[in-house]
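Per-chain residue numbering starts at 1, and chain names A, B, C and D are given in the order in which the chains are listed.
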Amino acid sequence: MGMYSDKVMEHFKNPHNVGEIKDADGIGEVGNPICGDIMKIYIKVKDGKIIDCKFKTFGCGAAIATSSMITEMVKGKGIDEALKISNKAVAEALGGLPPIKMHCSNLAADGLSKAIEDYKQKSKKK
Amino acid sequence: MGMYSDKVMEHFKNPHNVGEIKDADGIGEVGNPICGDIMKIYIKVKDGKIIDCKFKTFGCGAAIATSSMITEMVKGKGIDEALKISNKAVAEALGGLPPIKMHCSNLAADGLSKAIEDYKQKSKKK
Amino acid sequence: MKRIYMDHAATTSTDVEVVKAMEPYFSLKYGNPNSIHSFGQEAREAVEEAREKIAHLIGANPSEIVFTAGGTEADNYAIKGIAWANQKKGNHIITSKIEHHAVLHSCQFLEKQGFRVTYLPVDKYGLIDPEDVKKAITDKTILVTIMHANNEIGTIEPIKEISKVVKKAGVYFHIDSVQTVGHIPIDVNDLGVDMLSMSGHKFYGPNGVGALYLRKGTRIVNLIDGGAQEKNRRAGTENVAGIVGLGKAAELAEERLTQGKEKKIVRLRDKLIKGIIDKIENVRLNGHPTKRLPGNANFCFEFIEGESMLLSLDMEGVAASSGSACTSGSLTASHILLAIGLPPEIAHGSLRLTLGKDNTEEEIDYVIDILPGIIEKLRALSPFKGNWEGLN
Amino acid sequence: MKRIYMDHAATTSTDVEVVKAMEPYFSLKYGNPNSIHSFGQEAREAVEEAREKIAHLIGANPSEIVFTAGGTEADNYAIKGIAWANQKKGNHIITSKIEHHAVLHSCQFLEKQGFRVTYLPVDKYGLIDPEDVKKAITDKTILVTIMHANNEIGTIEPIKEISKVVKKAGVYFHIDSVQTVGHIPIDVNDLGVDMLSMSGHKFYGPNGVGALYLRKGTRIVNLIDGGAQEKNRRAGTENVAGIVGLGKAAELAEERLTQGKEKKIVRLRDKLIKGIIDKIENVRLNGHPTKRLPGNANFCFEFIEGESMLLSLDMEGVAASSGSACTSGSLTASHILLAIGLPPEIAHGSLRLTLGKDNTEEEIDYVIDILPGIIEKLRALSPFKGNWEGLN
């Protein structure tokens, strides 16, 4: 019962990896205040691997749960592998999302991509 | 309870003065088969007074009850007095009729008028 | 006095099991299904479960069911909605002369808005000829709306055959199934229809709730605008208890149909028809002898008027109906009886007895027993004796 | 866990006394009110008795009450019906920016049909200025439709003052009273309105039934065509049980209003508002401080989003609602919160707590107790800290 799966509610109740990484190697921001969703994803990269990932999210239950879920999914993954994670995969890992949430609050993978992009840009400059 | 007053139902259940008068002095017919109502009123007149009145009616409960009621109302009345009976008076004597019946099935007084007219015509010819 | 109900085409009692299913959704699980909280979510689940049951009964997909406030709204929605949504394509609608007023008056509303409507005739049984439909279709035709079975005379129309010509022409096809859903097996794909109206109170569900089956992809404009309920197709807070009741009624109807329970009703109906025709003179059966609704028996008794029969029957405890003007609040006899060719004076003498799942053999016997006396008494009041002589 | 319902503006539970009044009309007195027999007549009586109760609650004549399937249908009927019936006179309609979607989307439908609609602005409290109405009226104006009180922020509009300018111009005046009927005293003649919409499930009646008050002599075209029910104004077999329930709900509401029972709700509401404003930072009250519905409390909590608050409250047993996009199925925040001048990011952080007759002091205390923790926890997740910096 409820609009969300148990997994979503678990992540909503106790979101993992909440916070900022002060000396993050990459930061990705997605979302739109008009829509009511803004996610900020922070990553720490070492030897091409994501060793830490945190988030801050202004948004609905789905936005918070997907943010939390992706931070779990990427830890320890290589950045190329991490880039392959799709929004759909995040939703699936959460046991699905209500149809109406599939397009609007399911942006965490985009946020991660942006963070990795940011990391790549920054590494180039170094 | 019910769409008709008790008085209407009484007259419907046990209509008074049903039948024809073979040697009637006047016969009035009103109604319209399209509407589903045809009333035939027969009168017997003596010394300007209605001494007998009978009816035959094809029609709904209101048509039957009003026919029955008018035959009671006119007996013993002078023809001029009888002419004054209105459809409304018949309805009132029955304790009222449903609004929708006031115009369509409430024709007995018209039938009586026609019967009296018929009587007058016939008397003239004599 | 025992009361005998033989007016199931007008409305049925709400099944006690249906009432039981509805009960929790009044004062306990009363949430608005659009609310996020647990009260709302438990209501949402109940609504979707009901949708599945309705869909299953007619072989549809749950997403193709739109809940309405009854059969009339479903008819209005289908007809006006298709007309408004497709007026660029054409302005012509085809229907029949024996439709329910929900369909006829919707068509007349559209005529005032500039649409053109063809009202097809029927034969003496009330049957529509698919050939007539074919001939009526033009390149401006956007909708054909035909009833599945007639509410008054019970005739079941050749929907499959009509569908063939309508679909060949690429035109939307709506059927008013208010009298058939729950009473005969229905499969929307087998019938080949795009839209189908139903009403809860005609098959032991609650009043004030119905549904429109709306085939996926159908272009339609809303009749009732507002919130995003019913996937933006019908606004208004859902009648949760009513919808749950409709779902339960569908489930129970499907059980009965699977068990062939309507056969008992057909047998009682045929006994009633035979009994009356055998015992009374100057009577005729209206509608088709076999292509008719399981529970429908409709007669005309000459020389008397319908309402007076109803009152007399009611006095003996029997509830029935008639197509006489006096019983409909209009001034003319039933347009259906006139359309099958009856003269008005005969149409006024119609009597409809419609049986339901709980009518018994004894009740049939009782009606066959008392009706001749009633007819005789009323005929004694009538100015017509054995013929319509004198009728101008 | 105890469940606390504070979403009465979305829907109320059906009063157990209402359910009791409805019960006989499902399986016992199930006749169709249009039938002549005794089953029909007992249903007819029940419907007319309910009509009297509804009329009495709002100071109307029973013949001016038309039953509908809810508030949305009543709004659609009033607006579309007046437009269609009076289009020879003019094609202009005036409404406000903060109406319910039932009104706004009906107006938008008419715009597609060629009508012109003015959407009046409101001030920061959500109040409409009668002067604005006056200025908007032209010689083509046929209808002004304004809500009596707003469903989201609870603001009660100056209907009497608006009526004066509307009536002076000889224009029809409709009010959407879905949120006020049964909650504050109403007299249609005192208010000076021609039409008024109400909905059963907003004042402890059943879902799926409502009514439109239609002043005698009002020129209107039907929304739902068909049979001659409701004096030819609204077709479809009457929802007898629902109508009886609506009548009973009206009777009970009148009793409560006579006894001044809404004062208790106002007191609890004010306690709730004070408790929350006192204990939480960066929060604002939406709507007018005093011209508001007895049960309505509506806030915006900055830096967090509404749905996440609802989920958190639901986990603690509290049912509430929000004007955030995520809770409405749309992509933008509530048009009402935007119309009172809130930026979208703040509008998304709205929380509506609407109290009902059975909420207790303890429940208020509980909510005041748990809410600060919930807000704090969600704000800890937010990328915004005490200001909206970084928001592009």
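Criterion: a residue touches a chain if its C-beta (ideal position, glycine included) is under 8 Å from a C-beta of that chain, and two chains touch if they have at least 3 such contacts.
Note that the structure is a prediction, hence the values are computed from the model and not measured.
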Message: Counting contact pairs by residue number and requiring over half to coincide, which of B-D, A-C or A-D is equivalent to B-C?
response: A-D
Query: Out of A-C and A-D, which chain pair has the most contact pairs?
result: A-D
Query: Could you state the distance in Å from the CA-based centre of chain B to that of chain D?
result: 55
Task: Provide the C-alpha centroid distance between chain A and chain D, rounded to the nearest whole angstrom.
output: 39
Field: Between chain C and chain D, centroid-to-centroid distance (C-alpha), Å
entry: 34
Field: Contacts with two or more other chains, residues of chain C listed in rising order
entry: 36, 38, 307, 311, 329
Multi-chain contact residues (two or more partners), chain A: none
- prompt: Any idea which chain A residues touch chain C in the complex?
  reply: 1-3
Query: Okay, in this complex, where on chain C does chain D touch?
result: 3, 5, 7, 10-16, 18-19, 23, 26-28, 30-32, 34-40, 68-73, 75-76, 100-103, 105-106, 108-109, 199, 201, 206-209, 221-228, 235-242, 307, 310-311, 313-314, 318-321, 327-330
Query: Hey, which residues of chain B end up touching chain C in the complex?
result: 4, 9, 12-13, 15, 18, 29, 33-40, 56-64, 100-101, 104-105
- request: Please give the residue numbers of chain D that touch chain A in the complex, ascending.
  value: 303-308, 311, 315, 324-326, 329, 331-333, 343-345, 348, 380-384, 391
Field: chain B partner contacts - residues on chain D that touch it in the complex
entry: 36, 38, 41-42, 44-45
